[in-house]
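First chain A sits with chain B, and in the next complex the same chain sits with chain C.
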Partner chain A sequence: MHHQRRIGKYRVNEIIWGYLFILPTAVGLIVLNIKPAIDTIYMSFNKSAGFGRMTWTGLDNYKRLMADPEVWQSLLNTLKYSVIAVPLIVVFSLIVAVLMNQKIKGLSVYRTLYFLPVVAAPAAVAMIWKWLFNSNYGLINQMLGNFGIKPINWLSDPDIAIYTVIIVGVWSAIGYNMVLLIAGLQDIPNDYYESAEIDGAGPIRQFFTITLPLVTPTLFFVVVTTVIGAFQVFDSIFMMVQQNTDAMYKTQSLAYLFYKYSFILNDKGYGSAIVVLLLGIILIITAIQLKLQKKWVYY
Partner chain B sequence: MKRNGLLGITVMLAAAVLVGCGSGNSAGSSSSGKVTLSFASWDTKQAVGLRKMADKFEKDNPNIKIKMETTPWDQYWTKMEAATTGGKMPDVVTMHSNESYKYMSNDMLMSLEDMAKKGDIKFSNYNSGVTKLYMYKGKHYAVPKDVTNIGLWYNKTLFDQAGVKYPDGTWTWETFAENAKKLTNAAKGVYGFAAATAPETGYYNFIYQNDGQIWSMNEKKSHYNDKNTVGALQFYQDLMLKDKVSPSAQVLEQTDQINLFESGKVAMIMAGNWGAEELASNEYTAKNADVAPLPKGKKQATVTNGLAWGISAKTTHPKEAQKFLKFLASKEANTMQSDLGVSIPAYEGLGQGWTDKYKKTFAHIESFNEQLKYGVLRPFNANTIKCETLSNEQVGKMMSGKQTAQETADTVAKGIDKILAGKE
Partner chain C sequence: MKKRHPLVHVVLILGAVVMIVPFVWMILTSGKTLTESTQVPPTIFPKKFEWSNYSAVWALLPFGKFYLNTLLLVIGRVFFSVLTSAMAAYASARLRFPGRNLFFGLVLAQMMIPGQIFITPQYLLAQQLGIIDTVWGLILPGFVSAFGTFLLRQFFLTIPNELEEAAVLDGASIWTIFFKIMLPLVRSGLVALSIFTALFAFKDLMWPMIATTSVDKTTLSAGLANLQGQYATNFPQLMAGSLLAVWPMLVLFIIFQKKFIQGIATTGGKL
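Moving on, here comes the complex of A and B:
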């Protein structure tokens, strides 16, 4: 009896300390993430009059959203961006990670170079790219000009702008994923490679039979976060493509459309409805990925 | 006992976090009895002159300090709305007609009727058009700061090379298009004009010159598909697609017309008098550029607009803010604004100082003062930004040849009617 009470007291103490330790993070999450998310969902059922004032309009914003071709075009743009950018990011990150996992001279220099885009501020990066891609004065068109290629309107041709944004997106995402994958690669025991070598497996065979299956847990994480990141693409579009143009119409993502309605047109209610749609899509896709992981991830 | 201690720590931690979030709310009065007023504006070039005006005020009122908060235009309104929603609107703010309606109709600006009654501000001193922009339900909410209009800036060197006479007040649309053709040398990448998809510094001017309408302030209906408006849009589209005197829409989307003008790629642009400071500080344009009145269509017209200064309705220092606004509204401050080259004051009859300041660089800078007599106010209503965004999107499509002027006008007119009806 006496003995049991002491254990109980110990348990209670432990629980309190547990809660105490998660408190700072939990408060931060609630104040900065969860509360605003709930507010946004609430706001999507309202028409805002500015300065936080609003009137309840029920499903009006969602009805308008269903009938708005701009929303569907933006969804299409977002899907196009994700379908092209995600595989490129994952494949390139993996290739770079494998190359950076070799024992070669100046390895840390290369790793730093590849990681640099992650450290640089996205807005600054986009500004530089914007100048490189400028059709009149940009370095890229100047270089292409040397080969007799006519100037390309990288950022203002409605059929091209989205691919330009994808190039920048892929370029800036590789570094971060590379670091994650290198960590995953270094967890693979060297013995496997030694035995494979003795059995006569070449580097390509080794990659597909040892490296790839064993790095899948990290790869899974990379794929999930890259997909979410791709669906939320905003800053490169915002910084590089001119607003209110046809090129923007064919490039803008749902996240950008949310920004346009919430912060340019001051229609926060409708903007919220757009971002709730985006949230729903990301939730569904992430849920599917979690289900599918059993088929290809080896723990 | 021990457990209580733990709970105590928990509560304290939570309290600390919450307090941390709520702090920083204290207003700008320091213990010495000095009051600090925040003064928000966006133009960094103008801020230099505005600071000198604030210095003068501080000298006369040693108990009040003016803290200038200069935020670039692109973030100014986002920041202003967030600050206002959070109850931290700057004490004295610069207003623009795009946004003023929202602030006036939501009671975020202090009514200036009391100050007018006391004789601190005499609204009849200012340009009547700009004064009207900052009135809501018959009450004044801001003091007109300046009055702007659009002129035809041209590159003298490119004109000389093409053997074309410099533009003057006598030019018509026909002379304009004809000479623009002569100035264009596509092989060299030089164009006569930049037909940018810009409302105030572009197609609005042609619409007004053609006696067309955009939308009216009081009606719940737009007149965007008026046949004169369509005619003006057609002329504007032809400049680019038929006469080919302008860089393509796709080029203009990427490079601002001012940049093209500054690098000698276009011979003429439409830009406001507020551009004088930038064009004078650029070595190339200071040497090569001058300005003329806009060409004449059915009549002469230029888009006018004006900024204004207002006081936050929730300022913690209403007396001091009013004192500062009284100074900003005064003849003394506006003479400074003019002489320092900040802009042409809305205070009538004080524009000479501004003209004199730039006269040495641009011989015909007085065009801006002359044009004021036939200036037409930029369209303004409760949803200016929504209407203008829609207009720009559609005109952009028209300029890249995706739709006709008539289709553009019809789409915009229908859209604006929907916006004005509160459906979008």
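Moving on, here comes the complex of A and C:
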């Protein structure tokens, strides 16, 4: 037997290697995440005074934030985006996953096609959709024109732009969640379906009594990550909607507003307060979801 | 599930059309002249495929540099984050040392917090280090990965203890055990994490826009945002630019689709 030196319940050897192995990640997380998170909170109590200097202004940024209609509108936009996009993403992904969780012809072809949007850069995806949604020459308005529908200003009408962004968001997210859900569906033992069939349960009943309850753990993961992603929506808004327009005002998310203040208007203090607000909302909603999971997730 | 309804195919084909039409329309438009692209009613195929749209955007923006910067960003993020995550994951799954739980708490905390909260200080840090407009600046937020550490830890936890114990009896050092025995056993995890990291590094838009100021130092995504500003209405050229930006990952995906899909499925399933 090897004789190994010990300190209390630990082996010296494991202590040394343990610290060496976690060192890069620990240092990285502290320098790149922990300290920045604290700095952002600190900056949110400061005013940028040019040349990267900050002056302490206490709660000023937060008071301004509470009284800023643009912030409230962005919060409303973010909520609207999430409340509409998340259910659509989850429902479509689940439908597609269930349909693909069968032995059908051309399965791998379908899977590949549905996954294509996931591997395309959002910047390019947004550009393509912007062209499809072009009010004068876009394919979508041209097709609608065949049915006598007048051209729609998909991206410049303040009441419509957010729905256009939602369509693109849903289209982009289905493939990813579909793959996660298929993996979850494949974990359901086949016996369940076989005995259900013997009992004479049709496919619809099988879906609601077997598939849906047993896929809830994966579904829960999909819902939580989709909600977090929806609250941080940025790329499609930034790329598709014209800056400083009414349409942007009624579409911009908190993440976009954070970017605008921090990096376009260079007001990093106010930008930080906005992102702290966003963080707070996401943490609260995630906490609520973790709490509610007992009510519907079947383990 | 034995019986299959023909409706299944109808629904799936309909969905597939919605998924690919945007890409097809991008390719077709990228071959049209400006007048052709704005014709009412639209023509489907270009009369003659205008490659000149591609040479025009290539001349307008340094796409060669975009490819190089994106490639270096992806390689850098994958290399550093997979290496550091594997080490940290191994330590937190298999070694016992004081502070291990504290470290794992740090990892979980980072995973829970949305990324935007880190960005401004990360930018200020990059500025201090003088790495704005460099590949190191692009890589910066991805040198380590809490997600990767968590993911690989799950893989290390499933390996039976006996293997390690046998190696210890043979007198192997922890370093040897890690590289020679453990890493090969979590290969599928390493592949999954690499794909995941590469995909999201490639897709990232906000950080490259912030971490670069000159156009020839930026990535495909952020470069494309530039193109849009300059050439807002020339859609054939914008589509040519989009195609130049999406094809590398699209081709990689089509070649390695099994690995991609397995990789994404594992990253979700292990959480």
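Going forward, the second predicted complex is superposed on the first by the 266 of 299 C-alpha atoms of A that agree within 3 Å, B and C clash if a C-alpha of one lies under 4 Å from a C-alpha of the other, contacts with A are read in each partner's own complex, and residues count from 1 in each chain.
As a convention for this text, a residue touches a chain if its C-beta (ideal position, glycine included) is under 8 Å from a C-beta of that chain, and two chains touch if they have at least 3 such contacts.
Because the structure is a prediction, the values reported are computed rather than measured.
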Now for A:Pro122: first (chain B), second (chain C), both, or neither, which partner does it touch?
second
Let me test your reading of the model: by the given contact rule, A:Arg111 touches which partner, first (chain B), second (chain C), both or neither?
second
Counting only touches as set out at the top, which of chain B and chain C does A:Ala37 meet: first, second, both, neither?
second
Who does A:Trp17 touch here: chain B (first), chain C (second), both, or neither?
both
Just checking: does A:Met100 make contact with chain B only, chain C only, both, or neither of them? Give me first, second, both or neither.
second
Where does A:Ser135 make contact in the superposed view: on chain B (first), on chain C (second), on both, or on neither?
first
Is A:Asn266 touching anything from chain B or chain C once the two structures are fitted on A? First, second, both or neither.
first
Which partner, chain B or chain C, touches the larger number of chain A residues?
C
With both complexes superposed on chain A, which partner does A:Tyr298 reach: first (chain B), second (chain C), both or neither?
neither
Quick check on the output: what are the common chain A residues between the chain B footprint and the chain C footprint?
13, 17, 19, 24, 27-28, 31, 52, 134, 136-137, 263
Report the residues of chain A in contact with chain B in the complex, numbered from low to high.
12-13, 16-17, 19-20, 23-24, 27-28, 31, 49-53, 64, 134-137, 153, 155-157, 242, 244-247, 249, 263-267
Touching chain A in the complex, chain C uses residues 1-5, 8-9, 11-12, 15-16, 18-20, 22-23, 25-26, 29, 37-42, 83-85, 87-88, 90-92, 95-98, 100, 103, 106-107, 109-110, 112-125, 127, 140-141, 143-146, 149, 168-169, 171, 174-175, 178, 199, 202-203, 205-206, 209-210, 220-222, 224-225, 228, 235, 238-239, 241-243, 245-246, 249-250, 252-254, 257, 260-261, 264-266, 268-269, 271
Which residues of chain B touch chain A once you look at their complex with the stated criterion?
2-3, 6-7, 9-10, 13-14, 17, 21, 78, 81, 84-85, 102, 106, 108, 189, 197, 248-251, 253-255, 265, 385-386, 389, 392-393, 396-397, 400, 402, 424
Residues of chain A touching chain C in their complex?
2, 9-11, 13-15, 17-19, 21-22, 24-37, 39-40, 43, 52, 95-96, 99-106, 108, 110-125, 127-132, 134, 136-137, 139, 142, 145, 171, 174-176, 179-180, 182-184, 193, 197, 203, 206, 218, 221-222, 228, 231-232, 234-235, 238-239, 255, 258-259, 262-263, 268, 271-272, 275-276, 278-279, 282-283, 286
